[in-house]
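Both complexes shown next keep subunit A, but they swap its partner, so subunit B is in the first and subunit C is in the second.
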Partner chain A sequence: MEFHARNLADAIEARLTGRLEFTDHDRLRDIVALLDGPNLRRFVVDVSGLDFIDSAGLGMILILQEEAEQKKIKLIVRGPRDDVKRSIDLAKIGEIVSIEY
Partner chain B sequence: MTISLDDCRVLIVDDNEFNRKSLSLLLLRSGIRNIAFANDGVDGLAKVESFRPDLVLLDVAMPRMNGLEMCRRLRSDARYADLPILFQTALDRDEEQVACFNAGGNDFISKPIRPGECMARVRHQLERRKLFIDLTVFRERVEKELRHAHAMQLSLLPEPRRVAELGETYGLEIYSHFETSSELGGDLWSVFEVDADRVGFLIVDFAGHGITAAINTFRLHTLFERSQARRGEPAEWLTYLNAALKDVLPTGQFATAFYCVLDKRTNLLTFAGAGAPNPILGVGGDLTLLDSSGLLLGISHHARYRTQQVTLPPGGFLLLYSDALLECRGTDGVAFGQEAVLAQVRRTAADDGVLDPVAVLLKPFFERVTRPLRDDLTLIWIRRR
Partner chain C sequence: MRFNAFGQGDDEPGTVTRNYRVLLVSEVDRGSLAVALRGPYSALIELGGDDEPVGDWAAVAISGAGFYLSLTTATGFGLQVAALVSDELVARGVVTGEQRSVVELCLQEAVANAIVHGNLGIASTAKDYPEGYRVFSQLVNERLNDPVLRRRRTDIFTRWSSRLLDISVADQGTGFDTSVIPTEVDGTSRSGRGFVFMRALAGRVAVTDGGRCTSLRFML
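Showing the complex of A and B:
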């Protein structure tokens, strides 16, 4: 998985590309670190560039959600498609995290 | 890093007594007290056997057998393949020094001996050996423990004899495959007697694989015996398991699950899912993907699961499987995927002569993927007689 982050007015948008899976656990720390940005209200994880997510990848989204919640930042997962959308829907991640389709 | 060399044993092989003495003095000064001596290669080989050194300081030119020959002979013995051998040589031509390495030496020190350089090289070799041995011992211990843990994990699965008995009781043929990607895995399946007519099947896959996921399968297994009353109600039972797991699992650890109860009298299959891959129901040549969506187990106390119902009459079958079947990629980098799995299930089910549908189903899978698998693989094929 690759990710690129950019600053919006009161938000950070992290765009993930490739495959989000077990082996990406170390990268998660870099993404969590983005939550420490000043005056952050929203954190948008754009997954429209993701081709695949496994259960460990879903776990990473849930960890992000908890970290964001503790910092009172709203986490939004944006644009899942195909296999990634199927996996997110199957696991009902939408009951825990805001998903924008 | 400085490691104590107190307990290191060094053999000095040199035909010159003055050299033997001066080298041993250097070693003593560095705290190495276990020192043995040999006068030539023949004597040296015998001393290696009796003294069991951690390092050999080896002269090159000696009567009877020179140092190069002694080194070659040691290296041809598997027991001494890793024994550090340090040549000491007055020969400083390039090819002569290369000969020391070609004979199997780890390094050399030039004569006349420079004390600082000599001890630095000795220390370097001994420290490397210590670390190597530590690592080997650690590895052997971990491997042994993992083998035991693997056997324990297999004991969580229903015993084949019990599966056969339940098959008789409820008119089922049950085939399964369980394979972890490393010694330990995060998959688990089980079968439960609900009452005289109903039998329950559970498949669970904890996120990740390896030790953490495996420990979670043990956690879950201990929950099975409690709350037996709810086993007849899939959604209720998943709700119970979810709550119990939520209490113990840290964020990021969770499980996908599917639980179903088959009633042999009414032919009804009652089920609830928690994000497991869609089970495949086969009735009269038609295949249906069952809805197994539901919040992963262990994430939220607010999770609610939904019980659904289909008919599974005699002759029909149900296939439960973990996501490895869909997601493990072949050598071409392409995953099997849902369509290919459905097609293969269709082919397998259409063949009346199939003795073990799971083995037949997995044949093309294993022809594509390399082992060890990247994820744990579990399949249960339940056929009604």
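Showing the complex of A and C:
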């Protein structure tokens, strides 16, 4: 998985590309570190460029949700498609994370 | 990638003929593994090290339509093995592009369990604590460098007919209590999603050998 971050008005958007899977935990800490940005109210994880996600990758999104919640930042997962959307739906991640299709 | 090839009944390594069935490899990377899978082999086995006797693998028996892939944990961890195997199943005409994504996700979950929880012996509860993902990541890196754990094998057996595809994934870990495998999860569940994915998408899932082998069946 690769990611690129950009600043929006009151948010940071992290655009993920490639595959988010069980070998990517090392990179999670870099994404979590983005939550320390100043005056952050929203954190958008754009997954429209992701081709694949496994259960460990979904676990990472839940970790991001917990970390964001602790900092009172709203996490939004944006643009899941195809196989990634199927995995998110199967795992019922939308019950606790805001998903924008 | 270095290799030795064995023909059926041929126990002399290094003999390259059109009839060989077993390929022993070392120094594997993703590209060379993909190329090797495209070859005429029914078994592709990564040697665990220079001290491993190559003759031990000569008697691997594969019959019918299928192939066997055996990789060390150190190699299998970063090669996206499930994607490679799924690509090969498409290339051989076993599954369609549409079926591929189902096979890939199920196989990915089985391989991830075999490597992380099986061969590396890391419990999913390692992530259940504050900063747990950092601890988990550190454990993975430490154990991938353990000389014993990194050589443990992940074995993938595939067999198919016109109507069925069977895939088994076996590891060399200590197994686990299969009675605790969840049948469903909600959005807050910490673990168990992998098995829920497999059960939702595969035609049949069986866990045997004390949790060391996961078998998946797909209707084609």
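Basically, the second predicted complex is superposed on the first by the 101 of 101 C-alpha atoms of A that agree within 3 Å, B and C clash if a C-alpha of one lies under 4 Å from a C-alpha of the other, contacts with A are read in each partner's own complex, and residues count from 1 in each chain.
Going forward, a residue touches a chain if its C-beta (ideal position, glycine included) is under 8 Å from a C-beta of that chain, and two chains touch if they have at least 3 such contacts.
Note that the structure is predicted; figures quoted are calculated from it, not measured.
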* Using the overlay on subunit A, decide if subunit B and subunit C clash or can fit next to each other. => clash
* **Touching partner for A:Asp89 - first (subunit B), second (subunit C), both, neither** => first
* Touched partner set for A:Phe22, first subunit B, second subunit C, both or neither -> both
* Structure fact -> Max touched-residue count on subunit A (subunit B vs subunit C) belongs to chain C
* Using the superposition on chain A described above, determine whether A:Gly59 touches subunit B (first), subunit C (second), both, or neither. => both
* subunit B versus subunit C as contact partner of A:Val97, first or second or both or neither -> second
* Give the stretch of subunit B that clashes with subunit C in the superposition, choosing among 147-155, 165-173 or 309-317. => 147-155
* Where on subunit A do subunit B and subunit C both make contact? -> 22, 52, 54-56, 58-60, 62-63, 90-93, 95-96
* To do: Could you pull out which subunit C residues touch subunit A in their complex?
  => 77-78, 80, 83, 101, 104-105, 108-109, 112, 115-116, 127, 133-134, 136-137, 140-141, 185-191, 193-194, 196-197, 200-201
* Asked: Contact residues on subunit A for subunit C in the complex?
  -> 19, 21-23, 25-26, 28-29, 32, 52, 54-56, 58-60, 62-63, 82-83, 86-87, 90-97
* Structure fact -> subunit A residues touching subunit B in their complex are 22, 52, 54-56, 58-60, 62-63, 66, 89-93, 95-96
* Show which residues of subunit B lie in contact with subunit A when the two form their complex. => 205, 207-209, 251-254, 256, 275, 277-278, 292-296, 299-300, 302-303, 323, 327, 375
